[in-house]
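First chain A sits with chain B, and in the next complex the same chain sits with chain C.
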Partner chain A sequence: MLSATVLERIAIAIASTLSAILIGLVIVAVAGYNPVQFVNQLVVGSFGSERAIVRTLRYSTLFILTGVAVAVAFRAGVFNIGVQGQFIMGGFATVVSIVGIAPLLPENAVGGTILIAIGTLAAIVAGGLYAALPGVLKAYGGANEIITTIMLNFIAIGFVGWLVAGRFNDPEATATRTRQLPEYVELPSPIVSDPNFSLVGLLVMLATVAAVAVIMARTSFGYDMVTSGYQQSAAGYAGVDPKRMIVSTMTFSGVVAGLAGAVFVIMIQGYYTDPSGVGNYGFDAIAVSLLAANNPVGVVPAGLLFGGLESAGSHIQINSDVPVQLIDGIVGLVVLFVAVPELFRMIAKRTGLGGENR
Partner chain B sequence: MSVADYTARTSVRLGGLVLFVLIAFGVALTFTDEIALERLVTFGFLSRSLEMATPIALAAVGGLYAEKSGVFNIGLEGFMIFGAFSAAATMYALGGTSPTQGHVWAALVAAVLVSVALTVLFAVLLIHFKADQIVAGLAVWFVGLGFAPFTAAVIWGSRSSPGLTSIDPIAFGQSPLILLTIGIVVASWVVLYRTRYGNWIQAAGENPEALDTAGIDVNRVRYATVIFSGAMAGLGGAVLLAHAGNFGGTGETMVDGRGWIGIVAYLFGNYNPIGAAAAALLFGALDMLNVQFQTVGIDLPSRLVNLLPYVAVIVVLTAWGKTRMPDAVGEPYESEE
Partner chain C sequence: MTASQTTPAVRLEGITKRFGDVVANDSVDFTLEQGSIHALLGENGSGKTTLMSILYGLYDQNEGSISVDGHEQTFDSPRDAMEAGVGMIHQHFQLVPSMTVLQNVILGHEPVDNGLINDGAARGRIEDICSRYEFDVDQYLDTRVEELDLGAQQRVEIVKSLYRGADVLILDEPTAVLTPQEVERLMDVMADLREDGQSLIFISHKLDEALEIADQITVLRDGEAIGTVDTAETTEQDLAQMMVGREVLFDRLERESSTGDPVLEVDGLCMRGDRDRRQVDDIDLTLRSGEILGIAGVQGNGQSELVEGITGLRSVEEGTIRLAGDDITGMNRRRRIENGIAYIPEDRQSEGLVQDYSLVRNALLGNQTIAPYANGQILDWDEVSDHAAEIVEEYDVQPPNPDATAGSLSGGNQQKFIVGREIGHDPDVLVASHPTRGVDIGSVEFIHNRLIELREEGLGILVVSSKLEEIRKLSDRIAVMYEGEFIDVVDPDAVTEEDLGLLMAGHEPTNEPPQQSDPQPDGGGSRD
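Coming up: the complex of A and B.
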């Protein structure tokens, strides 16, 4: 029975993605572009060359990390829409802490490693705290977390944007950005040599997924968390304090989002710009998590799919006239379809697909 | 809850928001001792605040109708984006970069029609196919954030439109859309609290079984309110555009969270259209504070002052966040027959 629902969920995820892409193609055609060429560019841009694959893996690393952050919260019935803000706060904390402490440490690989550890820790703390705030406001003030986390996203963008342009601006840079991380602060890159991707980053991501999956499925903390999400009264009888659970869930989710911010800064960007331009990883992560039915392991294939779409997006931006915002629209459609499993169940029933009688 | 209780609670909330706005002014004034309050609170400021409040108030009135009937339309922000964009596209299609006032009005109508068409689809997914209301609502936002700038790029070659035109003021330099909004707010109050249909709406949200027993189709009432909420959000977006004069599609688009603030506005107003509009006005005032500070020469970073409405939302939601939602919000209704 359980495997049937898992299969059904996978089928729904695939059907949602295909329907969204199909509608996207119709829109491409209506807007006067060639849909066949567009599909070709989607494939070439995501998995068509070694460069494309590395780029896909780079984006996927971020989508999977932020996707896991969302999954943690959604699983526990807390709607953390603020992963984007926590991701920004985390990444910015990494830059500030590393740039600030770097002069005190030797300028070599050892110093670099220590700085990476400090920067990651700063990101985790910043992301965790920035998520704990709406958790506390929900638990003790009754403030709807969907709205507060969305507001905190806007606030993170404005606040960090103000700091990047003012207090932390690099006077020598022509663009508005912070100072760069020292060049010895970088992840070692075995096998694949790409300035913006490292297998170590990928491994950190996979380890995080494994750790979160184990915590959620095999520890009492994870059990209490998931129970509060599905059956609050049962969790209450089991002696779980629902208010504290909300705060811990949000903090846990924010910690993962902060980690994603650190990986973004250390592996990819190397500095911070105005956060309105860093990419909507934390928003798309909601789609990633929903597509995976909020299962941390399921986030891996879903994140790969989104990494592929994003990667194809940057290919399309250069090699095609089709405006790249189309990809964002398709992501929105994926979320829309995931919200309506009943739609696919009815279609399956009408057409006789699916087969199982329930 | 008695009527007296109800009004008392609503006024406490609004009082809180007024207090917050006053504190914001107070903080601003401590930064400078030469600027008198009367230079800050001017007629122009009031009229600009009204202008900023109209889109929020319209979205709020629509959203509260949907929620009163038992459907949480979290997609208001997305429908506002569609409204703003379709208004801009209509103006451009009719009059290029120099549309006339007639074109502006046509654009408002077109924006409402487009939003209604999209909301019908959305309502079918929510009510007939029992979509998850939160996830589907978020999806509308994402779809808007993607497809509006996409279509803008197809039409104008950029995520934003070129300068179009904004609506001409009528008496006292006021936009006619402010009057329109006031009319809609008052009418919505009358319909909701003084007509039979209003009672049906409230029953659909509080006790759908009873309404069904009385022979009224619950889902039909819900379709009507959800479509109305989309129409109002779309009109709100179009009004925002008619005041601004061009479509901005960068970042979170020109709507920039106003649909979300609309939700908060009706929560403060305790689902009362007039209360929601009053809350919207206060958010509008916070939104315009920035311009006002610049005019009188208070030197606060505009980037931070722009965050005030968002901070206000969090503060007030926390202090007065426990609204009593209609009982059946979020639950699809299926008739027993």
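Coming up: the complex of A and C.
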């Protein structure tokens, strides 16, 4: 399956998604709910109204950005499971830098734009550095990146949580959170007016996808990276320094994850809370990327699917008595059907375990 | 020990094994006498491990038969082979590192009482085996395998096979991972096993070890059994010739001896190999433009490390390397490619080509920072595509389809593609490591002729090969490498086969043919 053609990949992804939904419907029926109504709710909740569509696009933007972050690393054969942590560090850096610098700048649209640029830059740097760390540990210390990146997720959650509750806590807020971004720090919102979504955010996401796709396909750096993922020994023969490649790949992946964090803060949240409650975008991104066969362009439809399911979930939660856990269950089934086997195949190929290459 | 009247322990007749188009074993006959040690000698890729994997039930042969103790057998899996008393100690040990020695030995054959493992019974049997062969394995039965050194792990593997009732043991390159002291110890163990009536097959490419321990030696080359000799009646020199081929079918190619300026100069080069052994020991070498310098030698004498040092794939311990006068010793691989060192790697499957890439994508491998394929960081796929099409046409790559994946091509066509790619960007030096290994005859001719043409065009070419005929056909000078040193540099027109054989076995040709008992230890280098 690692060498399946593009068409086979697409067929596999669609078939497994459909199977997951079908099995989900059986479970819905067994649980005593009406599956036809449930399908109806799924569609209405994800695409049935302008609000639903906007909500789907909002979730999708984040799934796609974090999915691309994962795809970059996986294509290069580096298992960055730490996108969630890099996403958190990036988003938090955005809040801290904008809130910290805002008093120095005029309180108008110009100041807002500059702050957005600074906040985004801070997120990119924070995400990149936070990913470079396990990259360095792997390249120069031999530490398994799967383990270190998972651990660093917990450290990010704990560290940011501590700062949100302490040093950066907003004393005037009732909940535990940081101060809010000034209201003039917001993305312009043409056509669609929604407090938590902006077409500019969507465009940033699409531009990122395009940029990553071009880097992977049309630059020497991208060729080095992808070749390292396919065949490490051939990459070395072709002049790639494997250690530096690992660090560069992780940094690149973390930069995209950090950017996702910035979009989350600027477009949606506006402040930072305890990071255990910001959503699992960085984890679901692994499934998104695998569903897309780690192709940055393929991440777009895969991210839309996850965004749609998430969106339908919040609709169903409010408008029906079907428990939202069923939606989570269906997402889980999709992961189980495509993502997990693919992940293990990749790890097996990489580590020489699993026997296929013996 | 000369048990020709008794039934042989193992008899393989007419074993043929094909992988796709590649013939790994070509009707090989092999007989292991009871209570003897039989060495299976050959270069990498000569088919030794394939043959033994067939005997051990890992592969099915396409033709031929296997008998063990006179009974014809078909083994569908190693379990069948084990039941018939055949055990194999793989080069990479099949032990679970986090489990104890005892657990590893009994794994899959646990003695059970009422559903519970009876440790005591297992201990008893293992202690019996150990005391019989003076093994120390019983002293650390409760130690985890990962805490043992490699020599001890190997003894655990042997005990494991014996515990399962093996009386035929296959040892696949058992000395490759061992220190010299551990090798000695292994030799003692093998001798003890033989004394006790076990029959052993010892796979190796090291002549001296085969001569030291084996009763008989069978040499494989290109999948064929070249011959079987009694150890008492052979010499290192004979064996070296059997391994690398003695039939000189090729004429030396006509050439003008007009060599130019030095393009590559190596001075006092010392390098360490994977196991931290000194593999290249104070090598000096000068390659001129318009010259082919051949490096001959039995595999494992430091040729691979030397090549990796020159091409920038392995760091150098001491010494300098100069390219057209400039010191490149500290230069990384990529800059060396850009500066004109082309490299046809020894392992085309894993290094020279990305198997899942199309030929077009492979045409960029190594060239991804070189104009016209790259402008700065930006790749020009049209140029790469044209380049791939040119290689395919000029080098007659079959099938002539640049979009085919590299993995779908035969070895010969893969190699032609690599040759075409590597000289495509006008290098000054070409390092060709085993350029025709596993390549069909037609492609061999083609590649040879192309190398000679490039020499005429003024390229400096370093050819490493273990095929004597190839080295003699191509080279202007031949350097013979033995234990990390150039033991001599000879004129291919003047040297005889016999002298080359002697040199490759580490002896000066002026000496008396050596007695096999003392193969000049420490001829240079391995002093740790």
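Just so it is clear, the second predicted complex is superposed on the first by the 334 of 358 C-alpha atoms of A that agree within 3 Å, B and C clash if a C-alpha of one lies under 4 Å from a C-alpha of the other, contacts with A are read in each partner's own complex, and residues count from 1 in each chain.
Here, a contact is a pair of C-beta atoms (placed from the backbone, for glycine too) under 8 Å apart; a residue touches a chain by one contact, two chains touch by 3 or more.
These figures come from a predicted structure and were not determined experimentally.
Taken together in the superposed arrangement on chain A, chain B and chain C clash. Applying the stated contact rule after C-alpha superposition, one finds that A:Thr219 touches chain C and leaves chain B untouched. Contacts of A:Asp194 after superposition: neither chain B nor chain C is touched. For chain A, the partner touching the most residues, choosing from chain B and chain C, is B.
When the two complexes are overlaid on their common chain A, residue A:Ala234 makes contact with chain C while staying clear of chain B. In the overlay built on the shared chain, the residue A:Ile146 is in contact with chain B alone; chain C does not reach it. Contacts of A:Phe154 after superposition: chain B is touched, whereas chain C is not reached. The contact sets of chain A with chain B and with chain C never meet. Across the interface of their complex, chain A is touched by residues 313, 332-334, 337, 343, 345, 347, 350-357, 364-366, 368-369, 374, 377-379, 381 of chain C. Remark: chain A residues 27, 31-32, 79, 81, 137, 141-144, 146-148, 150-152, 154-155, 157-159, 161-162, 165-166, 276, 283, 286-287, 290, 323, 325-333, 335-336, 338-340, 342-343, 346 touch chain B in the complex. By the touch criterion given at the top, residues 3, 218-221, 223-224, 227, 230-231, 233-234, 236-241 of chain A touch chain C in their complex. On chain B, the positions that touch chain A within their shared complex are 74, 125, 129-132, 134-136, 138-147, 149-151, 153-154, 159, 250-252, 256-257, 260, 263-264, 267, 301, 303-304, 306-307, 310-311, 313-314, 317-319, 321-322.
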